[in-house]
Structure formats: C-alpha cells, structure tokens
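Pasting a structure here, questions to come.
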C-alpha cells in the first residue's frame, strides 16, 4: 500500500545510489520536482531510463548523478540539443555517460515486457538499422509458426520508477489523465514506485481518459504542486514552452548551467 | 506576395500530403507541413503523434509532440506502447512524415551520431525516436529538411533509419512493409527516388532556384531529371494559413 | 471510413460464408443482434473466435453456422453448460465442431498479436498443461537474453470482428465504456470491423473509462438498440441474468432450442 | 443456528483468505467466498476479476464475472489483456481462488474433458478460462469444491491446470512462480498438501463430519492427518453476511 510521505522522505526511502531509475512522462507529467530532490539528496551512479531524456535528465546528467542513460530520443523537443547530455557523451563532463540506445517502439516494448514480467518483448523493428550493433538489449527471435525473424528487446525493470500524476486519494490510489504515455508500464515494471501528485483528495471521481494505479501497486505518494514544471499537468497547468526555449542558452555553458542549478534547485526546496 | 525559402519548403511539403488519409507526424518541419495540409489541401487528414494522439486538430503549431492541445483536440488518446504496436506497426498509417539530420542518396537517415574525424569524439544527435519504425511501417514516407551538404551526404556516419537501403529490393529483403521514402522536400526543390535505382533525383525546383544551386548544396553527385518541374508558387491562401499557424505557435511559445 | 448501414446491409456487406468471425465482448457488450442477423442470412461454415463462447455462440453453433470454434472458456457464466456447444462437440449435432482451445491469457495475447500485426505473442503460460497437445497454435520460444523458454501463441486475425458499443458519431467514430474486455484488440486484429451501437449521436462527449475507435479503423456501423441483450450495455441496460438462467432449459433439448430460435430469431427482425 | 454444508464450505473458504491482500477470483463458489471474506475476516481484500476489474466491491454476488456492478464499484477497470499480462502474470496477486470439475491428489485440475469410456465420446467441460495462469502466477492457490468421487479423482482425464504436478519440485521444474495450491476447501473439510510429498491430506473436518465420510467421498485413498482439526462452526455474523450476499444475488437473478 502506498504511504503518503513528504517528497524528501519519499526520495530518501525509495531511491538509492547506483539504482536504475526511470522517471517517465512523455512530454506531459514529467516529474521534475522529484528529480530536483534526487539532485539535492546527492544520489549518484544512477542508471537513468527514459524514452525522451528531456530537460529533466539534462539536469541530472549535468549534475553528475548518472553513470548510464537508457533512452530513445535525446533532444529538447522543438528547440534543439540537450547540451548537458551532449557534453557528457562527447566530452565526459562532468563524468562519462554510458549509453543504451533504442527506438521509441523498442523502448516502449521494453517497458511492456517489464510490466508483464516477461524477459523480453517482440516487435517488427530495427530492420536494417545500425542501432542493434551498439546495444546488448536488442536481439532477434524467430516466430515458431511462420519462421519470420523479429526483433527482441530485453525487458527493462527499474529499481525505482518515478512519475507525476494529477492526484491521489488518502489511501494512495493514483489517478492520471491526458497523455498517459508509458507511465503505467514504467511504474508496473519497477520494484518500487514513487508518485508525486498535484494534490491528495478525498475521492477520485472518474475522469475521461484517466487511468488509476491502485494503492497496492504504488510505494509512496508525495504531494508536489506544479511538480511537473516546466512540463505540465493537464487540468492544472500548461507546458512552459518559454522555459524549454530558455533552457537552451542556460544549458549551453557549464558555468551558467551550474549557477542556474545552484540557484533554482540546490538552494531551493 | 513574397515568401521565404522555408515557407516554400513547408508549403510544398504540405502539398505532398494530398490524398493521404492518415499521417504519423514528426515534430518540427513535418508537423508544420502536416498541420498546413489539414488547413489547405487535405482538411480530413488524420494527424497521429507518437505521444499517443489519434486525430489531433491543434489550432496552433505545437512546440513539442506532447503539447496539451494535441491531446485535447484528438479523437482518441492512447498509450505510447499502443500507438507504436496497434497503430503504427500494424500498418494502419498512410504516410510517415520525418525530418532528418543526415540523409543519403537512398533516403536512409542518420539521427544518431556524426563522425567528426580521427581523434575527435563523435558528435551526438538526438537519436532514433520513432523514425526507424515509422519509416518501416507507414504506407510511404515523406521527408522535409533544409538542402545542404551537411544534411544531404555522400555517406551516412550511422544508419538510424532505413529508406531504400542500398537500392531496389532492399526494403523487401529487410522485410520493411511500407514503400519507403517517395519524396524529400527541401528549401530548394523536391527529390524523388528513381523507380529503377531508388536513388534520389531532383525532379522539381522551387521558383527561382537553379539545378546548379541544388547540385552545389548536395553532398553526392546529384542527378537531375531531364526536364525538372518548377513547383507552383505558394498560393496566398497557403501562405496565409501557414503564417497564421506559425504566428499562433510563436505567440504562444 | 466507417459507413453507417442498416444491420442487414452491414452483415451482408462484411460477413461471408466460410469467414473467420470474432464476436467479442467479455460478458458485457456481446453483439447478439448481429449474431442473429448472421443466422438469418444463413451464413455458414464459419470459424467462430471468442474467449467465452457464451449463449451467443451456443445459438450460432446450434443453428449449424460454425465448422470450428476457437475459444478459452465455454460455459454459461454462473449457470452451467452451453448445451448446444456440448451437443456439437460430443455428438456432432447439427454438425461436427472442430476446436482450437486456449487459456484466457493465451487467447487475449493472440488478439494482442493480431492487433499488432505480429505473427505471435509471448506469455508465461500453459506450463505443464495438456492444452498444447491439442492445439497447433501453441508453441514455445526461447528468450535470447535469458534463455528462458516461454509459451508462444499464434496471432488471431479474423476476417471480420463484430462488437457492440454504446454509440457512434455521424462520422462513424465509435465509443464504448465499462468493461472493455478485449474488444479493441479483436477489432484491430480483423480485416473488417462491424460495430453495432445503441445510438448515433452528434458528438461523442468524453466519458470516464471510454475508449474510441476512430472511424478509419471501422468498416461499418449499424444501429441496434439493445443489441447486446441478454448481455448488456453499460449506461443503457443491465445484464438479463434471468435470460441466462432460462437459456439452460431452452437449450438442453434440440427441438425446444430450434423452436425458440425460430420464434425469436428467424421470424423476428 | 443451523447451516447447510454449502454454507460451511463457503464460510471456511472465506476464512482461508485471512491475511490476503489481493485475490484473483474465479466465478461461482470462489466468488462467494471472496466476497464473504471482504465482509468478514478481510475487509480490505482487493477482489480482481478476469473481466478486468481491480478492487471490485459488489453489494451482491455477481452471477457472471462481467456483471456491471463489478466494474461500477472497482478502483480501476482495465482491458482483458492487461489484467492477464500486467497484473496476473507479473505476480502481483497474492491468492488465486479457483473452482474445479476434477482435482487429483496433487491439486492438479481438469476443466476440459471427461473420459466416458471406450466407444463413447469425451464429455465436454467448459475449458481452461483463466485457471492455468492463475494457478501458475498467484502467490498461492485456494480451491473450493464439493467433496465427491466425481470431483476428487484418482487420475485426471486431462491436465488443464497444474497444481503440484506429480509432487514436490515439479512446480520449480516447470517454472511456475507461485507456491501452488495450499488448501482445498470442500463441504466436508479442508485438504492441504503434505509438506513432504505435496499430496493433499485431510487436515480438518467440518463439525459433524467424520474422516470416514471424507474417505468415502474421495476418489483416491485419502490420507488423514493424525489428529485432524475440526473447523469452527460458522459464527452468526458470518452466516448473516453470507445469506445477505446470496439473497441479494438471488433476488437480482
């Protein structure tokens, strides 16, 4: 059953140095507040998993929290590069970053396999691509009925998955709606699940398009209002596109980046 | 009326969607083109974004593929695994519309890494995203990108996404169900695969552009169709629709 | 794009003798009206696919419409046997019935593979069971990462899938809610899709728990009010449990069954 | 207060759910037991039905696993593939509660076909439903069925669902993650697998039932624990709750 904790307590209880951590949310509902708490608690040596690393992982990578990144598209959507990600990969700053790189279809299916507790998933993918040459988690299987060779991707089972949702009830049942991305799969694939929410309410009245994660599939819920900013929470906020554009110059330079993180993350909270 | 070369490119990219019923839309230039098509030549066009929206009808250009308006205006919102497995992989989508960092003469795409020469680390690009499976499974593929020797290259540093592989028959050999790239729309003109060789050939030039300019801006020895067409200038309605879309996007961003 | 047709036209246009037909709906939203129209149009030699054959297939089988049944649980839920199904299997009346028999998990995954246009699906299933010995559509695959042997089930791709839904709009977009079962997968696995609906409305306002099948994934929509009876349509009707209990004596005897079908199906509509 | 043997069986089946957090519920006797447990010994018990409901709280006994009330009162409703893949197969569910047509001494189950002897066609049972994977993946399995030589047999005609296979170690060898059957509750008493041999042994009798009666009603040579316990008689509150559930179900059906 989910415990309702402060964000600080929840991160301290569920995230450990060296963990494989997935913070999911496909553009929508990205758990920035939790990521900032991870940075403040000085957790490091993380393997970070996310289809789209986005600014959230640019920040974690730039602060040296990650030793490895598992992903499928690492840009600043609609803006350009993730400069901290590039700097880590190209120059090893602040530390080298190992990569395991997939397509979106492959990553989505790795989470599906993880949520299903199967060791792998099958897709018609990667054909002719050089991607398999750089990954140990892409292989092939042959259909026992037709003989067709298909791609196999290894399940991903994070130690912890962190997601942001609109709300939870007092029992810790979690409700989210809008673009639901791959959050259910990422949460169910993990050993431990941390959900930040905009608010805790008495009752989760049904909402169109909503999914519910029952309390017994979640380990901790923490209230973090606007906890997805600069991403957004449908029904509570809109995407701060200005911030995503502003991130480009902030993140381009190491010192500017560090100063920004000091002012807005380390000394905040 | 005057227009920019980017506007020429986008208007022609939108026109290439005539007759399409469904389009899997990449962010950036493809999204601008697909949204323009829905406002001009193909009002019924169903826009599908990898964030899980089927039938998005945004009033402005989204900055990201996950802007709230894409979900709010959609006929249906599904999970990301579902959009890739049940809708894309299943072959339900007519056109995949992609941008690209590097494209070779067979329409193969690199969005992963750039070789910067001996002793220098690879340059990092964003990665594959949805492209490998979009290019594999959609009925056909359109690409839109700016014409330069950096973008249209002799040899890819990395094959992220297969277009026509190394020529005719390669898609079938690899088991790629869709027809692959049928047009690459740039700010100079339009390239289409030669039906015999699958090599991209310049078949159309935008008004005021010469074949020499296109050759100059291409990293391989570009073949030009015997009598390349000239694209129609943007109609006032096309330009107005494009500018309205962009202004709304810009005002909002 | 879905055409809006009469039920008679829709069945005539989409269902052909010898077809593989899936009529899905897990207890809820079972498309009885369409099945009755299939019987009235005298379609025969069908391969019927359904996780739970239920009374709907008991009727089709008893009327001799089916040559084969693909299924995972063939009882009258909460009541007892499906007597027409048993009579066909045990005694070949009114004609022999070939079986392809699975577990629910296997059947659900066969539809998932069908909807994904993969030739097979993987599950951790059937271990130690005799079921694989009687089916050509159960095999094994080995995980290329862990070496674990898992069950593989062949995709099911019906010629036609028929489902019942709450409503459609005038463009043929279909909306259903409540227990959504395996309907999306069954529909997307098929070559042709027929949806009967309670009503056609101007606008499909969003509903909690609803899924939408876009018009371009559906071939025909036909209005059939109460078209799931004696099953039910959440928001429109409740399950007619009395009928399910009454079906037991009606179906136990061949002549009683035939008389009932004549009076309520063949001479109805 | 008096009670029927079916009531004895159901009350004891409900008691077997003490301490369980989540239960995958088969229809019929298991559903009655699980709903009774939620009203008596384990109010927080999460009921999961294969129709896709997580946390159903029906006020009456459902006739089918798809009655509307199961969905209307659930914490979440998911698709049938999801309930089997993400919830059952993933090993999230503590107890699988099954009925059965034929059970052998190792708790294996046949719900497929009955051999009716040479020259006669097989008798048809409903089939597997969810049972093979419920019995494989739940933390443990409970069964409830009426005690008779027809139901508890020397040899299954067909193995639909594996309990303990042919004895200890078989589940591990087959790769079945859960612990398998831990109790079979009948209208005569309770059978549990011997920890050494995995064979079902009579460990408890209901009040007024003799070991001889149980032996008589069992198709194999039933072993009886040295000093079999006697189950507690149904408490008035248990009986009242069961009758209220059943009456509501009956009134509605």
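Of note:
In order of appearance the chains are A, B, C and D, and numbering begins at 1 in each one.
We adopt the following convention: contacts are C-beta pairs under 8 Å (C-beta built on N, C-alpha and C of every residue); 3 or more make two chains touch, one makes a residue touch a chain.
Nothing here was measured: the structure is a model prediction, and the numbers come from that model.
Between the interfaces B-C and C-D, more contacting C-beta pairs are found at C-D. One finds 40 Å separating the Cα centroids of chain B and chain C. Computed from the mean C-alpha positions, the centre of chain B lies at a distance of 57 Å from the centre of chain D. One finds 28 Å separating the Cα centroids of chain A and chain B. Residues of chain B found to touch two or more other chains are 85, 89. Counting only residues that touch two or more partner chains, chain C has 116-118, 123-124, 148, 184-185, 209. Contacting chain pairs (ordered by label): A-B, A-C, A-D, B-C, C-D.
Chain A meets chain C in the complex at residues 117-124, 137, 139-146, 148, 150, 152, 154, 206-210.
Chain C contributes residues 26-28, 51-52, 71-75, 77-79, 81-82, 85-86, 89-91, 101-105, 108-109, 111-112, 123-131, 148-149, 178-182, 184-185, 209, 232, 234, 238-239, 241-242, 244-245 to its touches with chain D in the complex.
Those residues of chain C that touch chain B in the shared complex are 115-118, 173, 184-185, 188, 211-214, 216-217. The touching residues of chain D, counted against chain A in their complex, run 21-22, 46, 54-55, 75-76, 85-86, 89-92. Across the interface of their complex, chain A is touched by residues 27-28, 50-53, 62-68, 70-72, 77, 79-81, 84-85, 88-89, 112, 121-124, 126-133, 136-137, 158-162, 165, 170, 174-177, 252-253 of chain B.
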